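Take this structure first; my questions come after.
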């Protein structure tokens, strides 16, 4: 039996860092305050491997890229995701491209961490879910876990990966607790989604904070006699197409829920995948319940209004199932157009 | 009371108002309001510089902006409403504490991205120089930024552009020794900021940022230079962040001897002692001043708490023009 | 009758700049070499309004943001799109967000221009179609025209728009010629697609260089008795949903073609739109023929292999139509799953 | 022949080889091959600095890299194959001319993003310092960048990090007066680059970049300093870009008097005259040298043109590890 310890996401991240730094002396940690905030790691692994940096994201990321190509395994903490705007050249143009452009001469085993998401009322220059930008960029991997065990297992996998990995932490989860395997070899492979709940009527896909949203909606749907399957993507790139498509082929209905903007977001990618590769199985329109095409406001009311809520998922799925069942009973080949659902796309939260 | 004394008095009162406002925010945070980055200990920088500016000038600032805003005449009640996310805030609650702009006061384009202020300020100054929009002849821009921001590459780019294009831009570095949880001496050589600025060949002045009169004198000189030449100037104000980076923050990482030394040089205390020594104020006078600002803040709090929340149906307002 | 002049894309861009600078004295042009390359504009409008900048994209973009909020209408030339990585904070965190975060106090009428696309063998640090990143970011508009008239009309519209507009030029089009209206008030509204060819059997959507790819495929399809409708998006944000969905509702088949990576790209967004809002009209899987999830190689052979070709579109559509007609004849509700088409997604070019 | 003379001779030959290689690329471009950024006129910078490095050292460079690569021993035939997009190029044709790295020679992480070289070099130096990977004790990094790159914010960030972390990093600014189509005096004050660097408090040396012996001497001093102290040093080499930014380029924007003046100080000519004056070479000797390099380049061209194109089925190779 796997030994487990209950801990928060923050602790799970810390444990993963500690274990990997112990295991591999080429792992080093850099960031604005990384050493200050993790004195124990400095004590155990030395100031050379746990470094406070100047306040300069571009050089922190660039240095990680140079170091990664030269035999180190840097983990950099860029604090909030929007600060990655300063690190874009290093991440996108260097880390993501120079392996390919050099004909495979270099590899870039580095991890770039960033926090984001609603819940802290910090506004759109801190709260901006921009993970899809890195999914769109070549040569990078992207993960965004939802529970402590995955934070540990995916961070360890990211550190061991020979590719650059963007590791996003939804800050609303930071102090969430869960059981985490003690084993030092506990790894969650990058690129594998988790089915959090099985069901045959509809596939709900989320990641990070919206996994819980989907789970709550699924519970409520049960009362309506609808069995929802809930998938936690965990990895946004590579995406676990098989798990998502397998589920859609079973349920015929797909609803994707995330906080990031819908436009060219992960939900768009999944909807496209389903419309291409599981088309014949689809019994109803694919729905996206996402954040709006708007910066996050600070005010609690507006921040929350932008976030997909379980009630909105519930309502959307009820409509969807009713619509497609009605159509099927009437012998129509497909559900009614979902223009009436258009508002979900932009305003998931308002419906709540 | 001669003009000079009235000014000294006003500086003290403004610093007290900033301090009282921020102490109120600290208390609010303890009871559940969003945290803020206070400028406690840095009030002299804000008051000394802003007083040297005209109505036609613009201010670009950052996350630690309460002093700049209040010194410029922002109403504590509307600031507080903003921090609480209410409709009567300067930004209707969308900003919260981190990026409050008040265009009506000429406080424009506040960014909480460290360096964002430096990236936009030259453009504001260019518009001033070109007489664009509602700018008035001779208007300049003061950009406030921290010692941490000076480490960002944009610092270098902004200085070079301002020098090369001779923009009417006053760089004001509030060197408060800290960059969030990192002491600046971990990130740069001791005299780095002024040395970097000097490398750009513009006038650089380094002054005690806790002495409001010294700050004001230096700022006035720099502003005069900018108005006379049209080109930029640089001010480094040495000061200290007395509280944590963001509320709450236990400051466990702070060297208490250093903190104590700077507390001895608290700008409000220094100004109070100066006025007392000059016989311009006594203990009763000081107490009266403090009472006055505390009342202002209490009224502001009532206003802010009574202000309505924005309604969800306004969520998408102001995304696009 | 509209008077027209034949000119290249480059000339159309120049004409738009000249006309708007003449019309509105608040328009100014900045970039690395903007003044050198356009001495005539310097001569006509003065060195104050046509500026060479230091080689520093971050401050060029930041200055544009500050100036735009202060009464000017800056147009900045950032040269190649990947160099925008340095300008990301100014564009995404400032221009895109500060209107909203300030409660509408400021507006940002600025245009940021960038070139990209295959054809010059310059490799992935110059040739990177990253327009979707800006579509995903809030507060920005994005255009990417395909013909000289639209370059002129959309650039003029962008300069007059009170929002920040990203204006992308596919460098393969730079010396392409076309008829361009002389009229100074000729504007192509942002947010309107153009139907380049009408047809009832399949909707082909492209933008920039791939409009021609779709048009060529459509000609070839005609020989096979298939009438393709070809849509040129022109604006990527806002997207002209109505035109695309209207066409899909008519044809029942959607194929999107672009050079950018498919993952979270424009094709994903359109596929998602169709799967949500035109679901009942869809008679076949939605296909994406896009560039691969890889940096662009310099070598001509590899550069071309990554680019969707008319032959690949032709083949894909023939399969699609055959599949869905077969299914419909057999009374099936929907075409076969398109797993066999999966490779198109990643390797559009290889099929050519 | 004494060591010193052999070295002088070798420098001349290497500069000739670089020049011949780039002239060949210019011709190739005229017949349809992709354009390149040549370093014609800057050969002394490459040769002088690279000769001061050891095998254990690393080089990080940019779009104008032919000199650095050839001085480091890169084979012209594999470089040319790369420019032509062929499988025998150092990067298998994926790079083309703009980002050629040759790991086997220690030329790593070339970036054509101006400033990219500066962003990555400190990390390579950190790895050297920490003894990571296949680094050898005492190894340093030389990063080549232009005067334009010095305007990018990353210049400031890289210098500060190198100083603060005491990284074994030699900054080599090839100040060739041009930034694509813009003269550097439009973008910075005249003495700016050294002034900026001095602001960072590391040793800064400014030398004539067209005098290969002077460059070498300065580089050798800087390298010795870095090996002795572990910390960084800065070299500004004043030189001139004799050809256009990228082939083809009519240089219509170039001041011809300035160009002519610099052509008089062509580095190869200067070194040729120096050797002639010392009686180490005569016209026949020079002609023989030139013939030798021309033959090398002719062979290289044959090799490159005979090299296979990569096949489309390899398109996705090397995207991910």
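To keep things simple, chains are lettered A, B, C and D as they appear, and every chain counts its residues starting from 1.
As a convention for this text, a residue touches a chain if its C-beta (ideal position, glycine included) is under 8 Å from a C-beta of that chain, and two chains touch if they have at least 3 such contacts.
These figures come from a predicted structure and were not determined experimentally.
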Item checked: Selected pair, greater C-beta contact count between C-D and B-C -> B-C
Checklist line | Approximate Å spacing (C-alpha centroids) for the pair subunit B, subunit D | finding: 46
Notebook entry, point to check: Distance-wise, how many Å sit between the C-alpha centres of subunit C and subunit D, to the nearest whole number?
Noted result: 37
Check: So what's the Cα centroid distance for subunit A and subunit C, whole Å?
Finding: 28
Item checked: In subunit D, residues with contacts to at least two other chains -> 92-95, 99, 111, 113, 115-116, 151-154, 157, 160, 164, 186-188, 319
Checklist line | Residues of subunit C touching at least two other chains | finding: 53-54, 56, 58-59, 82, 85-86, 89, 93, 100-101, 123, 125, 138-139, 292-295, 297-298
Margin query: Chains as vertices, touching pairs as edges: which of line, ring, star, complete or other describes this one?
Written below: complete
Notebook entry, point to check: Can you list the residues on subunit B that touch subunit C in the complex?
Noted result: 58, 60, 89-95, 99, 101-103, 108-111, 113, 115-116, 118-128, 130, 132-135, 153-154, 157-158, 160-161, 164-165, 317-321
Notebook entry, point to check: Can you list the residues on subunit C that touch subunit D in the complex?
Noted result: 32-33, 36-37, 52-59, 82-83, 85-86, 120-123, 125-126, 292-295, 297-302, 305-306, 346-347, 349-350
Item checked: subunit D-touching residues of subunit A, taken from the complex the two chains share -> 26, 28, 48, 51, 53-54, 56, 58-59, 61-72, 74, 89-90, 93-94, 98-109, 138-139, 141, 161-163
Margin query: Under the stated contact criterion, what part of subunit C meets subunit A in this complex?
Written below: 82, 85-86, 88-89, 92-93, 96-97, 100-101, 123-125, 128, 130, 132-133, 135-139, 237, 239, 249, 260-269, 271-272, 274-282, 284-288, 292-295, 297-298, 327, 332-339, 341-342, 345
Checklist line | Sites on subunit D touched by subunit B in the complex | finding: 151-157, 160, 163-164, 186-189, 192, 195-201
